[in-house]
Amino acid sequence: MTAPLLSVRNLGRKFVQKPSAVAVAASLLTTGKRPVQKAVRAVNDISFDLGPGEALGLVGESGCGKSTVARLITGLITPDQGAITYKGETLAAMARKDRLKIQMVFQDPLGSLDPRMRLGDQIAEGVRVHNIVPAAELKDYLAGIFADCGIDPVLAQRYPHQVSGGQRQRFGIARALAMKPDLVICDEPVAALDVSIQAQVINLLARLRRERGLSYIFISHDLNVVRHLCDRVAVMYLGKLIEIGDAAEVLSDPRHPYTSALGDAAPRVTLDAQEFRAIKGEIPSPLNPPKGCFFNPRCSLATDLCRSEAPELRDLGARKVACHTPL
Amino acid sequence: MLLEIKNLEVVFPMRQGDLRVLHGIDLAVEKGEILGLVGESGSGKSVLSKAVMGLLAKPGRASGGEILFQGQDLLKADAKALRSLRGNRIAMIFQDPMATLNPVLRIDAQMLEAVQGHRKMPSAEARRLCIEALRKVGIPAPEERFLNYPHQLSGGMRQRIAIATALLNDPDLILADEATTALDVTIQAQILSEMKALCRESGTALVWVTHDLAVVSGIADRIAVMYAGRIVECGPTQEVLSRPKHPYTQGLLDSVPSAAQRGQDLRQIPGLMPSPSALPPGCAFNPRCLRAKEACRSNQPVMTQTPTGAFACFNPLSEGDRA
Amino acid sequence: MSGNIPVTKPPFSQTPMGELVSDFTANPFAVLGFFGLLAVIICAIFAPYIAPQNPYDLMTLDFMDGNLPPGSTGGMGQVFMLGTDDQGRDVWSSILYGLRTSLAVGAASAFIAFGIGCIVGLIAAYAGGLTDTLIMRLVELQLSFPAILIAMILVAVLGQGTDKIILALVAVQWAYYARTIRGLALVEKGREYIEATHVLGFSHFRIVLRHLLPNCIPPLIVIVTMQVASAIALEATLSFLGIGLPLTEPSLGQQIANGYGYMQAGRYWLSIFPGVALLFTIVSLNLVGDHLRDILNPKTRRQ
């Protein structure tokens, strides 16, 4: 195997919920002690590698920490545990110029574009600021990017709210692409789009990857989309990685009960009178996760071991699974 | 027939003139039936469900047609008659449960009000009814949840409360507008299966409005597909999903990635849904349609009845096209 | 199903500001306020050309024309539409000159305070942490004193003069701007497009000036119009109390104060007409500000 493009080791990030001044005062007055700070382990000891040109899907339900992983890799937030290395260099020690090779496409194209700047200017801004191409070539370069992303250049003169959702997301992608990235983090890039527009954007992302040899970390709750676009998939639950392996294998033959439950719950067009095989319960509060395996209260296979000891991620054939009783 | 919509037209008056967003909608829902109303944003599906509830955002108004609910035309009904129907005979569930839940009131206050606003009933009995409804929608420890404020509950729980509130008065019809779109898939699966069971059990008709064909494929008896303010195809779920007549329905089905197509391009529908202010002449779908003929560009197709359903297309897909 | 009424597409080249203008003109009251304000501004700027006499050039005053009621004809055959004071000053001319001073002082102080407030508020919001806490405590301290009190103390300490009055008004107003823009900037800062600018590796300077500030400005326009009105009112109050502008630059407030003593003597025009002018200015400003707020507020904004 070639050297990984991105390597994530024991990555962790905690969010501390600071008690309000009133709560502190009340606690000091009544008990004489400061209140206990509640901490959420949004990302908990996550490790994976990403090869050049590879697409890794990151799936899980809301609150599982997948978006936090995206923000850690793009450097929007800093980890308090573990390290991310990009082409062998620690991300935290890298110059900003080199970090530009990691770009991001956001979920909400309307929210992630500046509402008061013309779309074309927003795409050009990064290129201009960082001298991605000589100033004389800027116009042609942008025209090329627009053509690649299927954007009508006329729209570049408009503001974000004046174009459709699908067009906006194309601009979001163009903005990332214009920085000549190696790795693009896609955070639910099609979740906010209509079904027929989703297909257009999925095809666009697939084609850009083919043509430019991009690597993707593709965050989504939609298993169909992840299977379609990704080589490998990593499943997260309450901040932990619970299963990682080849996308087609993991999704068609899941070994972790949660992966299996996610697959069953995903709506799909079927003609047989479909029974929704729903798993019971909801995701427990991350402020107060259950003992042992985090999934045990919802798992039909849970044993006493699952209720007392958290399973480690271990090799199971070609993939890794964190489960005491894999399927 | 429980609900019968005939030739409904809805317009939004604008400075430049009336903007027509629904064009001659015909739709019927039988007692106890589950209808999936599918369309993308801008198709008019939400406007349609709001029109039925009499909740069209001003200045929008129905400019023609009728909405018959148990034989009574809702468009001609006065405000008082509508109020006594809403929340009682017809209930609505929104995408955002906070649209129905008041953030500063406890759940018990809101649910009791929903019961006692329509029926005279002793509080103890109303209370029992509410807790029973909460239990039915799968809320654990309903007696405790009953005393919570909305913000103390998760999104899934809130939506369940909204559903329980909708069920309280044993309505004849429930309109659910993207009711599970904002929820996680595991919670969505739970709610869909519970809704289906509850409606079957109580004989309540359900109109499930969504952009996602996959969601309705598991719960609906019949599906109606909307595009640009018109119903373009309608029929039994099996029929519409396995033998769609309208190219748009086929396009929607093809847009969802499946395991078989991995690594290939999806068969996408090119272009965008036109805005109601700039509809193309002829069939509204013609600029995006690969099967469009001359007639499609000039004439508006009317609904063609089939033995089981109806479609509006000059060049419908036949058995051979799907092979 | 026929009779599709053609509707023109909205012009897409419109800037957000252009849309604002077309929304604004849709409201008759706003347009009324706007033209009222425009008239006031034109009167103020061109006062020397519009006014029949220069009320502060003693050479043009005729003692014989003193104390004339509105509509009287003076010794030179000129008509005093709004009457004259005891020195023969034309009240209409005084109002025009007074408007000039009042508007200039109000606008200057509002814009300087706006500038200071913007810088301070943006720094507080963007830096966060201790910087934010310190700045905001200072702002709260400032806001907890009544404006008139601060202005009076400052004028008492600094002495009279146009610049000192402006300084006092700025001191009173900056904190209000700072608090408002901090609130706005905090909301915008949490938006994804600001996150996106971090991913694109922009400098803090660029993020704040090119992205954060432009998105905070529109709601602030409303505040500025309202604050100009309140600055004018505050200046009038100070002048009325006799601690405002020097006598050589009489504002509307001062004219009201001067005429106040003659009310009992039946010379109502000396106070009433400057008062009406002041009222007209402030109401116009508020009409414009009010409707700007309505169209800028996404909650009340129609689609």
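Things to note:
Order of writing sets the chain letters: A, B and C. Residues in each chain are counted from 1.
Here is the rule we go by: a contact is a pair of C-beta atoms (placed from the backbone, for glycine too) under 8 Å apart; a residue touches a chain by one contact, two chains touch by 3 or more.
Chain identities (UniProt): A = ATP-binding cassette domain-containing protein; B = ABC transporter ATP-binding protein; C = ABC transporter permease.
Just so it is clear, the structure is predicted and the values come from calculations on it, not from any experiment.
Put simply, the chain farthest from subunit B by mean CA position is C. The interface with the greater count of contacting C-beta pairs, when A-C is set against A-B, is A-B.
Rounded to whole angstrom, the centroid-to-centroid distance between subunit B and subunit C (ABC transporter permease), based on C-alpha atoms, equals 51 Å.
Each chain gets a centre from the mean of its Cα atoms; for subunit A and subunit C (ABC transporter permease), those two points are 49 Å apart. The distance from the centre of subunit A to the centre of subunit B, with each centre set as the mean of the Cα atoms, comes to 31 Å. Shared interface positions of subunit A, defined as residues touching 2 or more other chains, are absent. Note for the complex: subunit C (ABC transporter permease) touches subunit A at residues 12-16, 191-193, 195-202, 206, 210-211, 214-215.
Taken in their complex, subunit A has these residues touching subunit B: 61-62, 164-167, 194-200, 202-203, 206-207, 221, 224-225, 227-229, 248, 251-252, 261-262, 264-271, 274-280, 282-283. In the complex of the two chains, the subunit A residues touching subunit C (ABC transporter permease) come out as 71, 74-76, 96-97, 99-100, 102-104, 106-108, 111-117, 125-126, 129-130, 157-159, 161-162, 175, 179. Subunit B makes touch with subunit A in their complex at residues 40-41, 154, 156-157, 184-190, 192-193, 196, 211-215, 217-219, 238, 241-242, 251-259, 261-263, 265-270, 272-273.
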